[in-house]
Amino acid sequence: MWSFSHIADFIHEWLSSTFNPTWTLIIEMVIAGVCVIGLFAALGLVLVIMERKVSAWIQIRLGPNRVGPKGMLQSLADTLKLLVKEGMTPSGADKFLFNLAPFIAMIVAMLLFAPIAFAKDFQLWDLNIGVLYVSAVSSIMVISILMAGWSSNNKYSLMGAMRSGAQIVSYELSAGLSILAVVVLTGSLSISDIVMSQADGWWIFKGHIPVIIAFIIFLIAVTAETNRAPFDLAEAESELTAGFHTEYSGMKFALFFLAEYMNVFIVCAIGATLFLGGWMPFHIGNWEGFNHVMDWIPSSVWFFGKTFFLIFVIMWFRWTFPRLRIDQLLNLEWKYLLPISMFNILLATLMAIMGWHF
Amino acid sequence: MYRQTDIISDAQVSPQEGDLVINVGPQHPATHGVLHLVITLNGETIKKVEPHLGYIHRSIEKMCESLTYRQFIYVTSRMDYLSAHINNHACALCVEKGLQVEIPARAQVIRVLMDELTRIASHELWWGAMAMDLGAFTPFFHAFRERETINDIMEETCGARLTMNYMVPGGVMQDVHPNFQRRVKEFIQLYKRKIHEYDELVTGNIIFQNRMKGVGYLSPEDAVAYGCSGPVTRGSGVSSDIRKIYPYEIYDKLNFDEVLESGGDSFARYMIRIREMHESIKIIEQLIDNIPEGDFQAKTKAVLKLPKGEFYTRVETARGELGVYIVSEGGTTPYRIKFRSPGFSNLSVLDHIARGSKIGDLVAMMGTLDLVIPDIDR
Amino acid sequence: MFIVKYIKDILGAVKSLAIGMKRTLYYFTHHKEIITQQYPDNKDTLVLPERFKGEVVMPHNEVNEHRCTGCTACELACPNGTIKVVTKFDITPDGKKKKAIDKLVYHLELCTMCNLCIEACPSDAIKMAQTFEHSVYDRSQLTKILNNPGSKIMEGVE
Amino acid sequence: MTKEELKIKIAELLPAATLDETGEWLNVSVDPNDWLLLAQQLRTDPTLFFDYLFCLTCIDWKTHLTMVYHLSSTKHRHNIVIKSKLDRNKPEIETVSAIWRTAGFHEREVYEMFGVNFLNHPDLRLLILPDGWEGKNPLRKDFEDTVNMIKL
């Protein structure tokens, strides 16, 4: 069958038979790197146009419709514009940190691609602590924001960065705890194990109320973690003009922009993997015919379909809600999400011990 | 619920170590124009707000001193450009008061209809911009759908969308367009079909309510002392609708309520404007089928000369009380003209209500004060 | 009780958010509600109302005659000095001198479209046109002469 | 209170004031030195209770300046106009910003536009005009802007 895992296996076999193992490893790493960067660029373009179209339709507008068929090449034109734009550095800025910050944001986003299972048997690095790795690395993101805010020598940027620091540190907790609910039920931190455990049904269906609650909390928490509206206090356009990236322009700004969308993609991919079965097709009990049809759809389509659905939900949030205030944001986390997710994890543990899930 | 921390007194706002002074504006997404605020912050908490004006000051008062009584009206459209009709109306009324001409009934009804349509259009735009200040972008576009309908009606009858110059001393410049009644009725239909969406999208939203309730409290005494007017005072429970207190044109014959809320916070001011739109629709519904026949303009001389004296009119614009004060020396141009603009006084209260709240709230308060910068600067 | 209020708060909040999301989903899926006008593309179908104030023009008939007597009423009515009437003296066939316009200079860049000149004109010589695409590369192109070269006043207009 | 009643009341409070009732509202002309005292009484007297200063401006009569205060009462709904003649070369009057807070803002505008010096004003700085405009008063009749005036 024509699938990603076959291609990967074929390349691996061919390389192994042609080169010695060291060279094979090096070449495979290069290919993986190129693929990730390519995916990065492609996803960036797709997500930007998707956001613009979603916002346009919600706002009873047409959205971009001039460049390319139905405006689909608009984000390419935007990228070109950002590439040729002058990247300015304010005179009072800490130049080293100012220039470093967007790259850190980018590198963090790239690192997060490693453990994600894009399709059946198609994963860059199936490490045994995949989930832990994702939540650990994604919190480095805040460093780049703090760095950008501090080094810009701009009061708006600094305030945006400080807000973002408080926000991400808080929301890491409930995001982690809601991930933990699934980990407890699966009994493994490995992404591939978590996906395999959903072969007979996705966790959102198997896990009853605790997983549904965990899923909702996960969605809210990751929206906050990626600095998306209604939790976009780090940017807060109407309050802080553009928050931490006020002083950035040109390609450096584009890197921040891209990193934001990549983070959205990654958290949605993790959400899809943990709660919606990753690349696992949708099966209903004993309906053999239906299940066969579902199996026939390639696993990568399942994965990307679920991920893009979650991305749509996050965009839908953004274009519906007003922004929270900083104290309300922290109230929501510490008074609502955290207690609920702690209680929820107790419930999930109880369920796992008693074997109440399907 | 969140309560604004105690209002900080002047003595406590002397600059201290660790205070952050930020320039909000003159180019800033939340100031909707060229308002410049210098805010002193302690962390996220505002200690002082100091407005700096003048970025769009055109000295309209001085300009009007060299324009005749027919000519100066068009300039006033450029003050509060969202209430252009009402501004023109105030000036026309003031000149008529000096000339002592009787305005035909038809012209009066047309004027009131236009005023109320303008008021709705202004509140629609405010609603969208206010939601945008709070970070919700979608309502802005939804508000424009209704507002554009009104603008189309204006364009058809007055020939322009924003600065119409439709009111002239003695009546209105042209008769209403034959399609006017039909299109206004269509607009009322559209409005009634869509207005519940405003509540769904914004008013009922829990985030929005938490952002607005208990924020920017303005007591009734302070509202009067700071010379506020319009929805800002009525949000504090002070009756201040000029249309009710000192009725002009045919407002005393119309059946509508003065909208009052007792909260005094941002949410009360928000609700006032939403409910005012309903009242305006009520007025339009009463009048649209009852436009009397007759002249649309009284006969006036080609060159208007006001007798020596002083004339003052007060009207209710979408933002509050607009006063036009003409000092005449008997010539064809005003000797001195003063526009008492609602935004100027409403802005002065911002420092008072913003102290002790967060930056995000400052933006919300500016939204509920509904500041139009050319109106403040004139 | 505290916990009941806590849960009620959460449910109420979720409900209010869901109502808003339902509304935006409606617009996301109903593309017929889109109100965007695609301006340069719809030029052919774009009809401006006949009262729209675009610029001042002076209509001429087929034999290049206008109705302007050169009375300068429009010049006096204009608040910004937009209109300047330059007059000359024609010699009528019976040998009398008659005042007529040489040029009616109109500064579009100063015009605020207030319609006062049209109101003031006693012989309906000028009117508002519905054009609105006025941008040009050179400011001097905005200064226009309204009467056509060689045009004359219509018979019978005083 | 009607115009007549107001007239009697004001005459009681300040016999030196000149009353003029030709206009829509009662016009009271006071000496700048009497103004602060009268203002306090207008604001506090329960039968007058003028709590709403809705317009504060100045007129340049070329020979002198006139401060004009339009007052209204939110309780009794009556209006009054107070005028005070100032010397054009050295215009000075007591501030009323402690009585009506809104005057603080309006007086700053009059200060920069007409050059009226408000004594004891807590914050008498330029509000609208940019720094460096002190001494030039745009709304006075003899002001000429050599830079921005467009001559056709």
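Note that the chains are named A, B, C and D in the order they appear, and that numbering of residues resets to 1 at the start of each chain.
Please note the rule applied: contacts are C-beta pairs under 8 Å (C-beta built on N, C-alpha and C of every residue); 3 or more make two chains touch, one makes a residue touch a chain.
Source: prediction; values computed, not measured.
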Chain located farthest away, centre of subunit B as origin (C-alpha): A
Pair joined by the larger number of C-beta contacts - B-C, A-C: B-C
Gap in Å, rounded to a whole number, between the CA centres of subunit C and subunit B: 25
Between subunit C and subunit A, distance of the C-alpha-averaged centres to the nearest whole Å: 51
Chain centre separation in whole Å, for subunit D relative to subunit C (CA means): 42
Separation of subunit A from subunit D, taking each centre as the mean of its C-alpha atoms, in whole Å: 63
Residue numbers of subunit B (touch at least two other chains): 138, 145, 201-202, 205, 207
Multi-partner residues of subunit C (at least 2 other chains): 17, 20, 23-24, 35
Residue list for subunit D, restricted to those that touch at least two other chains: none
Partner subunit A, residues of subunit B touching it in the complex: 2, 20, 22, 28-30, 44, 131-138, 140-142, 145, 201-202, 205, 207-208, 210-211, 358-363
Interface residues, subunit A side, partner subunit C - complex: 54, 57-62, 65, 316-317, 319-321, 336, 340
Subunit B to subunit C touching residues, read off their complex: 67, 70-72, 74-75, 138, 145, 148, 155-160, 163, 165, 168, 173-174, 177, 197, 200-202, 204-207, 209, 302
Subunit A-facing residues of subunit C, complex: 10, 17, 20-21, 23-25, 27-28, 31, 33-36, 38
Touch list for subunit B against partner subunit D, complex: 51-54, 57, 59, 61-62, 97, 222, 224-229, 238-240, 245, 309-312, 314, 321, 323, 325, 327, 335-336, 338, 340, 344-345, 347-348, 352, 377
